[in-house]
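Consider the two complexes below, in which chain A is the common component and chain B and chain C are the respective partners.
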Partner chain A sequence: MGTKRADAVAAYLFLLPFLALLTIFFLYASARAVYFSFTDYDLFRPPNWVGLRNYVDLFNDALFLSALRNSILFAIIVTAVQTFLALVMAAVLNQRVRGIGFFRAAFYMPSITSSVVITLIFLWMFQRRGLINYLGETVQRSVPIVLAFAAIVVALQVAQVAWERRRRLPAAWTDPALLVVSLLVAGGATWLLVTTGVLSAREVPPVDFIWLQTRDTIPSGAPFWLAVPIPLAAIMIQNVFTTIPTFMLMYLAALQDVPKSLYEAAAIDGANATAQFFRITIPSVAPVTFLVLTLSMIGTLQMFDQVAIFGDAAPLRSVVTLAYFVYNRMFPGAQTPEVGFAAAGAMFLAVLTLVVVLLQRRLVRSEGY
Partner chain B sequence: MQRILISILALSIVGGALAQQIRIMGYGGQDPAILVRLLDEVIGAELAAEGITLSYEPLEGDFNAALFNALSAGTAGDIFYIPVETAPGIIATGKVLPLDGLIDTSPFIDSLVEAYTVDGSVYGIAKDFNTLAVFYNIDLFLEAGVDVPDEHDTWETFADKLRGVDALDDDVYGACLPAGFDRFGAFAFAAGWDTFDEAGVSNLLDPAFVEAVTWYTDLVREGAAIQPSDIGQGWTGGCFATDDVGVAIEGAWMLGFLRNEAPNLQYGTTFMPIGPSGERGNFLYTVAYGINADSPHRDAALRVLEALTSPEAQQWVLEQGLAIPSRTELADNPFFLEGTPEATANAIVFEGAADGNVLGFQFGNIGTDWMTPINDALVAIMTGQASVDEALTEAQRDLTALTQRAR
Partner chain C sequence: MRADAAAPLSHAEQRALEHWQARRRWARAGLVYALMLAFAIVFVGPLLFATLSSLKTDPLEYPPTLAIPQLQLRNWTAAAQLGQAGAGDRWFGGFAPGAVVPFEISYFVPDGVALSEPEVVVPRRRPGAGLGAVLAIEFAADYATVSELELRADVPVTIETPAEDLRGRQVTYAFTIAYEGEGPVIDRLPLDVTADLGMRYVESTLTASRLERRGRTASFNDVAPGLLGYVLRNYVRTFNEVRSPATRESLFLAWIGNSFTFAFVRIVVTLVIASMAGYALARLRFRGRSLIFMLVLFSQMVPLQVLFISNYLVLRDGIVTIDGFTLSSLWGYPGGMLNSLTGLVFVTALNAGAVFIMKQFFESIPREVEEAAMIDGASHWRRYWNVVLPMARPALGALTILTFQGAWNDFFWPFIVLTSPERIKTLPIGLLSFRNTYGAVGDWGLILAGAVLSAIPVIILFVVFQRYFLEGVSFGGGKE
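Let's look at the complex of A and B:
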């Protein structure tokens, strides 16, 4: 009994520094924020109790509604896309291939690069004459060359397989050895056609897709709650790119624990790679999927930095998220801070995050994990 | 009285060796280095003799957010910058000391004092100011065989000259025009428009405003001008330094930038073109020093404020090519007549403050958020996503909502 109590005291003593920090910077700060959300506090005058007015005002504020819509769409789309792609990439990286270490390091790079730097680079790429529009133009220009190449490949492959079959040799339409020959010959033939001038890239007007300075949405003219502003889509692309590697790493760890015998048994039963992926890999890593979904939901609902760095490059209404809305009301351009209103926004975001995570827990749990 | 106070202070310092440290909070960037040099070369020795030392604390990033935080937490410096566009909000916090009877404001340019006057009290002394001028690339105009812009240009002749330079080459543009009210506003003023009409309302559907927007955005739509972001630049100065645009409209802050980024660029400066109202339009940009109402070293802070805005300090700042003095007595400055491109640019920026419809870069208690709907409209028009009418109608709706919220 005595030692047990002494143990408990020791444990609490070890916890004390962390608990103190948690109490001061988290519990106390949160409690103050909750209180402020019911007042008209502006940092300088003593707060007055205003009841639920701030919360009612939130839903009459056009910017808040845009922020809510943007945050929800952002969270759903980014979480879905990045979870799926992270799993696929992890499955690919889980293969035993020469030089896999290099690929693992390379794929992880976007996650350890500073988010500010990546955002600045993406801002350049998304400009009207940026890399992305240039690639779009290049692809369009080379359509005839690509089509010609594809046609030659198909023709050669068909001819080769037909010839093999006439010689009564078993040859599938995708026979790798024949395909290599087809690709090589087609490459040479296309090169010859281009250099002799028979075939040339077609002239297309420069792609002038406006990624940033626009209020247009995808799909264009969709109802308010379903319309993804184009600049927000640009941030989604960037966010997916930078967060996939972190989740990929979690999946990779989970995949290493999946027993090889399951795959062997499935292979004996005649399951192909796709069936193995959906029937074995996905169910085996379900607990990690729950973790990834939760972290991704929380991260995306609270996305702030990329909007802040985008700054004036895109219309505020098209990129504002709930977290940025809170900041924007806390430090509006030259007006006294609307701390009460901002705190109400922050409380709403906190409750929304909690509800989403609980709901998702329900949904994933119901599958038995 | 004041002098006596200060000498008493000085005496007590000599007697008791009571050193006072005054903290100044201002912009980051090049400002910390400038202040250190100003101290070393001009005012530092005098202040040190009085027992006053200075420390400069740059607020990097969002200056307003950082300053509001510091003011509310009681950690703001004894002296801090007050940008003109955010002055009403900062003064409304009640943390800025009214300078009435403490500092003589009469040597300073009236419009600059007015910008910091609220309910009859003055809250800041402008450290310097800037206006807009037309910077042109001499070589491009020569190559195109077009006369360089001059002070007689109207909007029409100015636009024709830009078109002439634009015709030179596909990659050359007449001008670099940003989709922002912080530059475009000067043209709206030249059309006779005012930020707030007699009723205190901003009317974006006023014919003068519509005319200015149409002229400005048409230059971009027809291709004679380009937005900075379209050639991968963050601002007009960056555009101009590429040597591919004929004209940039900026203030004296361009000089230091061009010295570093494009030392071989041959440029000239002239006044803003004359608008349909028969007048030029211009912005008055400024930053003031204000004193913290809660400062424990109020007298020393006042003394430092005087030193920072003294004629000697301002002359030094001018000669470094940094900004234009806010004291009227420095108007007939021999430096302006030196004939170098930089001195000419400074003289034009200085005279711009009193030539035509010049308004402060200030938007009442709404602050810089006031510009957002207009900036969005300019972008929408320049990129062809909306017509002038559509864009301005929407901007007016947003601005009205914004104004109502702020009340």
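Let's look at the complex of A and C:
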């Protein structure tokens, strides 16, 4: 009995610093945020109770509605795109090869550097005369070359597979050995065509797409709740780019545990690569998918850094998110701070996050993972 | 095709088929490597391109090219020699009393265009905009004397263009820029050489920084740069140009110092608090244990924005204010703990994720190991300090590295807490004020150089301790 008591005393002594911090910076902070959300506090004068007024006002506030729209579109689109691409890339790379450590390090590079570094680099690339627009121009210019290359690859591949099949060898249309030959020969042939001047890049006007200083949306003129502001799309591209590698490596680790025999059996049953992807790959990595979806949703719903770093490079309405809305109402520059209003926005964000987490918990449980 | 399988294969056929299949495996591995390489290029590309572009005079040059003068050997030797001539410093150059800087510039003069001597001027030009622009500086223009131009070479040349062959001659002028009399050592020597319309700039001792006025003026940022002053010009500028107007202290250096201090203190605080809390949660049985563990998990789900309102006020006013006296006054911060690293450390000290990691690790150490190593009756503190903690070195190492990365990259709290003066900021927040001052005028060289510099410590750490980062992913991503 004595040791039990001593254990408890020791435990709380060990936990003392942590509990003190938890009490002040989490429990007290959460309670105060809830309290402030029912008041008109402005950082300077004592708060007055205003009931639910802040919550009602939120839905009449144009900036909040923009923030809500932006956050939801951002979370859904980015999560969907990056989860899908990460899975596809992992499936393509799912092969036990040596030297993966080097590539893994390279893949991680964007996700270990700070949000400020990455965002500044992307801001630079998204300038009107920046790398992204230049790449767009280059792609447009080289359409004929790419098409010619693709045509030669397909023609060579078809010819080779037909030849192999006549030799009674079980070559598939995507046979890798033949594909290597097709790609190399087509590359050489295209190069020849270009240097001899038979084939040349198209003349196109320079791409002058405005990514940042614009109020336009994609699709242009779409209804408010479906319109993705272009600067937000720029942040989406950046976010997908930096997060894909992490998720892809998580998928890759999971895929390497899927028994090869499953695919072999499916191949014998005549399932092609697409069918194998949907029937075997996707179901066997479902637990990782749930994890990735949850991490991605939580991360994207709380996106703040990129908006703050974009700053005056893009119109506020076009990039504001719920997290930034809270900050903006707390420190609105020359205006009076609206802490109560900010707190109500923060509560909304918290509830949204918790709903996502609980929903996915529930889903995971009902699926039996 | 599969119908063939029914027919029995001869031995030779069997071997041929095996070879055929082996070839396919090799080809598939080759394709996977090629794809991995492509992905790696895509993911590292922007960082790499930004790093290379940070060497450029103007990273916004269009079309973006990798033919960067700063990467040409010819310019390296010239820059070192010019730096030597300018201030006897082949690394960072400069312009010192007694210097005589020799320079040559070549033009193509098409037939029919009259040859005329270009005009050479040392301009009074400020280095960039922003924080450096308000500092009083010495101008090389006040001390430099440009000599007479001497026609060094005059050879007929033909330039082949797709349309027609352009005939003319290439002329080379030589001159010197001298620092006569006494005066201060000046850190840069800009130069503008303006030729008549029709004459085309070809090359010069050092490649021109840019061509202005429809190509008539070849403009040089510094013709006595020294090797590093030339190649890493934007990097030197981040340290030299961005200074506090009041104290002339290099702000970038101050930010680096702040970032390291913050990271170091945060590592110590995290290791101590998390290992103690983790030990209690993993090893001791007591009332409220599961409640505390629930809180550990739950607190990670609540968005920062919910907590930051109150936490900001705690830093500003203290926890409770009674008659104007607050708890923070006790710590000697009567004006609150905003704009101080101490405040930043306090407000970021709660790290439930670290507690979780330590708890998981301590649970993975078998209890018997701990008990066998310890004589009966030892206090919990001695068990923790003498037995468990030494065994936890791998976990503490991982936590150290992850905490360093987190602190070094941290944006939200420094952004809230450290607003003024400039010198109190950490590196990410300082970079943001770079963007605000230099981005507006399109001076991206400085911003990219700052960004690259600030990424280096974490990248080095990552390359050396890759394993820990990968473990961190599995820690963060809910271990099974």
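Points to keep in mind about this one:
Rule of thumb we're sticking to: the second predicted complex is superposed on the first by the 275 of 369 C-alpha atoms of A that agree within 3 Å, B and C clash if a C-alpha of one lies under 4 Å from a C-alpha of the other, contacts with A are read in each partner's own complex, and residues count from 1 in each chain.
One rule holds for everything that comes next: a residue touches a chain if its C-beta (ideal position, glycine included) is under 8 Å from a C-beta of that chain, and two chains touch if they have at least 3 such contacts.
Note that the structure is predicted; figures quoted are calculated from it, not measured.
With chain A as the common reference, the superposed partners chain B and chain C clash.
By the touch criterion stated above, A:Pro332 is placed in contact with chain B alone, chain C being left untouched.
Contacts of A:Ala265 after superposition: neither chain B nor chain C is touched. Residue contacts after overlaying the shared chain place A:Tyr134 against chain C, while chain B stays out of touching range.
A simple residue count on chain A separates chain B from chain C, and the partner touching more is C. Looking at the shared chain after the overlay, A:Leu295 reaches chain C, while chain B stays out of its contact range. In the superposition on chain A, A:Ala29 makes contact with chain C only, while chain B stays out of contact range. Contacts of A:Phe122 after superposition on the shared chain: chain C is touched, whereas chain B is not. In the superposed model, A:Gln213 makes contact with chain B only, not with chain C.
By the touch criterion defined above, A:Leu169 reaches chain C but does not reach chain B.
Touch criterion met: A:Val97 reaches chain C, while chain B stays clear of it. When both complexes are aligned on chain A, the segment of chain B among 109-117, 253-261 or 307-315 whose C-alpha atoms clash with chain C is 253-261.
Judged by the document's definition of touching, chain A residues 43, 124, 127, 129-130, 312-313, 330 lie at the interface with chain B and also at the interface with chain C. Those residues of chain B that touch chain A in the shared complex are 62, 64-65, 68, 71-72, 85-90, 92-95, 179-180, 229-232, 363, 365-370, 372, 375-376, 379-380, 383, 385, 401, 405-406.
Contacts from chain C toward chain A in the complex involve residues 1-2, 4, 17, 20, 23-24, 26-33, 35-37, 39-40, 43-44, 46-47, 49-50, 53, 59-60, 62-64, 272-274, 276-277, 279-281, 284-287, 289, 292, 295, 299, 301-314, 319, 347, 349-350, 352, 355, 379-381, 384, 405, 408-409, 411-412, 415-416, 428, 431-432, 435-436, 439, 444, 447-448, 451-452, 454-455, 458-459, 462-463, 466, 469-470, 473, 477-478.
In the complex of the two chains, the chain A residues touching chain C come out as 4, 7-8, 10-12, 14-15, 17-19, 21-22, 24-30, 32-33, 36, 43, 89, 92-93, 95, 97, 100-101, 103-110, 112-118, 120-125, 127, 129-131, 134, 137, 165, 168-170, 175-180, 241, 244-246, 249-250, 291, 295, 298, 301-302, 304-305, 308-309, 311-313, 322-323, 326-327, 330, 339, 342-343, 345-347, 349-350, 353-354, 357. Interface residues of chain A facing chain B in the complex, by the touch rule stated above, are 43-44, 61-62, 124, 127-130, 210, 212-216, 312-313, 315-317, 330-337.
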